[in-house]
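Pasting the structures in now, so scroll down.
Below are two complexes that have subunit A in common, paired first with subunit B and then with subunit C.
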Partner chain A sequence: MAALPPLTRQLGCLRPFMRSHEFIQQTCRRTITTKYTPKPAPVDLPKNLPPIFYSQLPDRLRPDFKPKPFKIYPPPPSNAKKCKDPLTATTEAQLAVLDPTGERKALFDYRRSRRSVKPGDIIRVTFKNGDPFAGVVLNIRLRGVDTACLLRNQFTRVGVEMWVKVFSPNVEGVEIVQRTEKRKRRARLYYMRNPKHDVGSVENIVKNYMRQKASIGGVKGTANKKARS
Partner chain B sequence: MIQLKTLLNCIDNSGAAVVECVNVLKKKRAGTVGDRIVVVVQRQRNFDTGIGVSAANKVRRGDIRHAVIVRVKKEMRRPDGSYLKFDDNACVLINKSGDPIGTRMSG
Partner chain C sequence: MPPRLPGKPTGLVLPFAAHQLTTTNVPLRMFGIKSITSPQPNRFNSGPDLPLLKSTPAAALERKLNSLPLRTGAIAIKKGMTAIFDPETGERTPATVLQLDRVQVISHKTLEKHGYYAVQVGSGWKHPSNVTKALLGHFSANAVSPKRHIYEFRVRDEKGLLPIGQIINADWFQEGQYVDSRSNSKGKGFQGGMKRWGFAGQDRSHGVSLTHRSLGNTAPGQGGGSRVYPGKKMPGNMGNEQNTVQNLRVLKTDPENGIIIISGAVSGPKGCVVRIQDAIKKAWPQIQKAAIESSTESSADPTA
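Our next item is the complex of A and B:
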């Protein structure tokens, strides 16, 4: 019984026969059909080829072949180079139209000019259309042509605040009615909205000022009187 | 910015002192000066006259009325870029055809 397993295995296994059969078939087929020819080595063009044969060659093989030149366009003219700082230029151009004398600019440039309007001052702004508006300056916003100041006043015990664009063509004149006694230590006096710090109505101060101005008779007063442009 | 539940001062002599906005008419956004709103009278004004409260007042607490906004806290932009704002919200009561209910306005 010990010799039985190898016997059965040999009997049942036909693969070796098949394998040899395949091999024979393959070799036979190969000998009949396939013939290996190596790729012919590239032949250089003959030196001193007469130009008459150039037309028979593809373009890239001709000795006088050059890649076709393509047109290079110059870049469009740069506006950035023409004007280095367009924002400043635009601001200046607009200010030259809106404020030719530069007086209004000096009147509100509170960081540079000494006689300018400062936060805490009471000013009166007259408009070309509409009523004049007087109030305490709470805030001066220096932004080139967009320079504006925030005025606060009270009408019938109701607080009114108004942002006035300083260079607006609608603004006819700006007068300093009263300067602050002490320099304010803040640039933005929003604390004046609290009832504790509110100056209230400036109507009486402005009325006094107008009366004084009328008595002087339109003559320009002292330093704190008038700055009209 | 007047919207639902905003409390406004009523500045006419119709008898209402404080009103509450319940609707902004013809607008999907918050109301501002000049807009018509619907209000509920929340507090009546007490006149010092000897007449009883109901006799002097044309409107009573709980009345639903139309009103026009005349002052807002939110700053309003003018066409020239200037802004205007007030310290309170105020309105004037009107009837449905647009005539004021009170005869005098303060402020």
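Our next item is the complex of A and C:
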């Protein structure tokens, strides 16, 4: 109840008559509970609002608002659709330069061609810059232009292995010195690294092969020799 | 009589509901009312010899002036890795094959409007029914087809803003130039501290039981307070976060098929989105002036 100034305090005698009035109860009595006030209903915009005030309204409330129509544009022609497999395309483009006849590819594609090098064969690889390397093929890794084979040999009783990138321009020629007697039952012959299974040095076999080849005058070699001139 | 509460406004309380009159009898909004006092500048923050602020957008732009590329990049898809042999020298370079698909400029970010210069680029195509209305409106306003991937490439100034609708093909990059690539690395899922952060783990034996790969202690001792510092390296989601690889050489470009071959490896699985842009740590490619000029000319023709 409000503290009344002294002059109006005498009017307090009228209070019992006013108590029944709803308004007095609303304004003068404090309660602990909060009164629920519903969300105010949206107020209508004034009719005939001058256009000068449109800028103060959000877009969607302006009387002249219309959503902009979408136009969906067609996509430009696609290069990627022309070439679905870019990896194969780049591989083939390189092989056309590095191996135009496709001989080298056939020589190592052991899953498709029968004459190819197989795991367990002894091959001799000659390089453009460096000594030739001969060894047993332990592993043929078919990866398109990145195809490689792992050769194993022994120099001075120390095992030596070398990965040869088959399509490298440094590889001048690959000759099969000796085919494996029996087809190997594994694709990766890593067990040959164990002393029990190690073929050892292939130096003698290669030497014999070279002597034989020289005596025939290279005639025999042509069947197996895949040299790029 | 109820207790009197102090602090209420004095005066005769009359049974006239004055406040009700004022609130309910104003049904319409008030229009045309604006503040008549203009904002006052701070009197301490003006003068001839104030130091230049370093945390402003303008200062940030000036700092980045030398490390922002002059021209936009492109959105590519990683297709896989191979090797490129040089037939003359026989040198083998491991390479990543990327492909561009309908890469197009969608819109610009400008200093005046956004605070920096950038080119918004999209690639691929997305069916309009799968695109939100907001984006459809954006594409529609810029007269570009709906795009699958959208990224921004920051450029130094307005000279690098390619015209909207311009198609960026593989010949945008010059063979021999260097680029930076940004892509998300392969996701590894939830990983422990050993794999994620290289922690040493704990002993195999010596009494350790069941906690051989666990994190160990996470908080410092007495001096550090008994709490875990924010940012402590812990197990969690690993991978699938953006990684930048800098200074990758462009080995080959094939504009007809949209193929770009760059040296080395790029983060992410095959089919991931790779953003490539001129390398910021190498000299800008010489092509840029000619390319920018020719592109602006060629684009000017269809619009005119």
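One rule holds for everything that comes next: the second predicted complex is superposed on the first by the 141 of 229 C-alpha atoms of A that agree within 3 Å, B and C clash if a C-alpha of one lies under 4 Å from a C-alpha of the other, contacts with A are read in each partner's own complex, and residues count from 1 in each chain.
We take it that a residue touches a chain if its C-beta (ideal position, glycine included) is under 8 Å from a C-beta of that chain, and two chains touch if they have at least 3 such contacts.
Since this is a predicted model, take the numbers as computed values, not measurements.
In the superposition on chain A, A:V158 makes contact with subunit B only, while subunit C stays out of contact range. Touch criterion met: A:N170 reaches subunit B and subunit C at once. In the superposed model, A:T101 makes contact with neither subunit B nor subunit C. When the shared chain is aligned, subunit C comes close enough to touch A:T91, but subunit B does not. Of the two partner chains, neither subunit B nor subunit C is touched by A:N48. More subunit A residues lie in contact with C than with the other chain of the pair subunit B and subunit C.
Within the superposed three-chain model, A:N204 lies out of touch with both subunit B and subunit C [touch as defined at top]. In the superposed model, A:N194 lies in contact with neither subunit B nor subunit C. In the superposed model, A:T37 lies in contact with neither subunit B nor subunit C.
When the two complexes are laid over each other on chain A, subunit A has residues 146, 165, 168, 170 in contact with both subunit B and subunit C. Taken in their complex, subunit B has these residues touching subunit A: 71, 75, 80-88, 90, 106-107. By the touch criterion given at the top, residues 1-6, 8-13, 15, 17, 27-29, 31-32, 77, 79-80, 82-90, 92, 97, 99-102, 104, 125, 128, 133, 136-137, 139-141, 143-146, 167, 169-170, 252, 254-259, 261 of subunit C touch subunit A in their complex. On the side of subunit A, the complex with subunit C involves touching residues 1-5, 8, 11, 18, 21, 23-24, 27-30, 43-46, 49, 52-53, 56, 68, 70-83, 85-87, 89-91, 94, 97-98, 128-129, 143-146, 165, 167-170.
Residues of subunit A touching subunit B in their complex: 146, 148, 155-165, 168, 170, 193.
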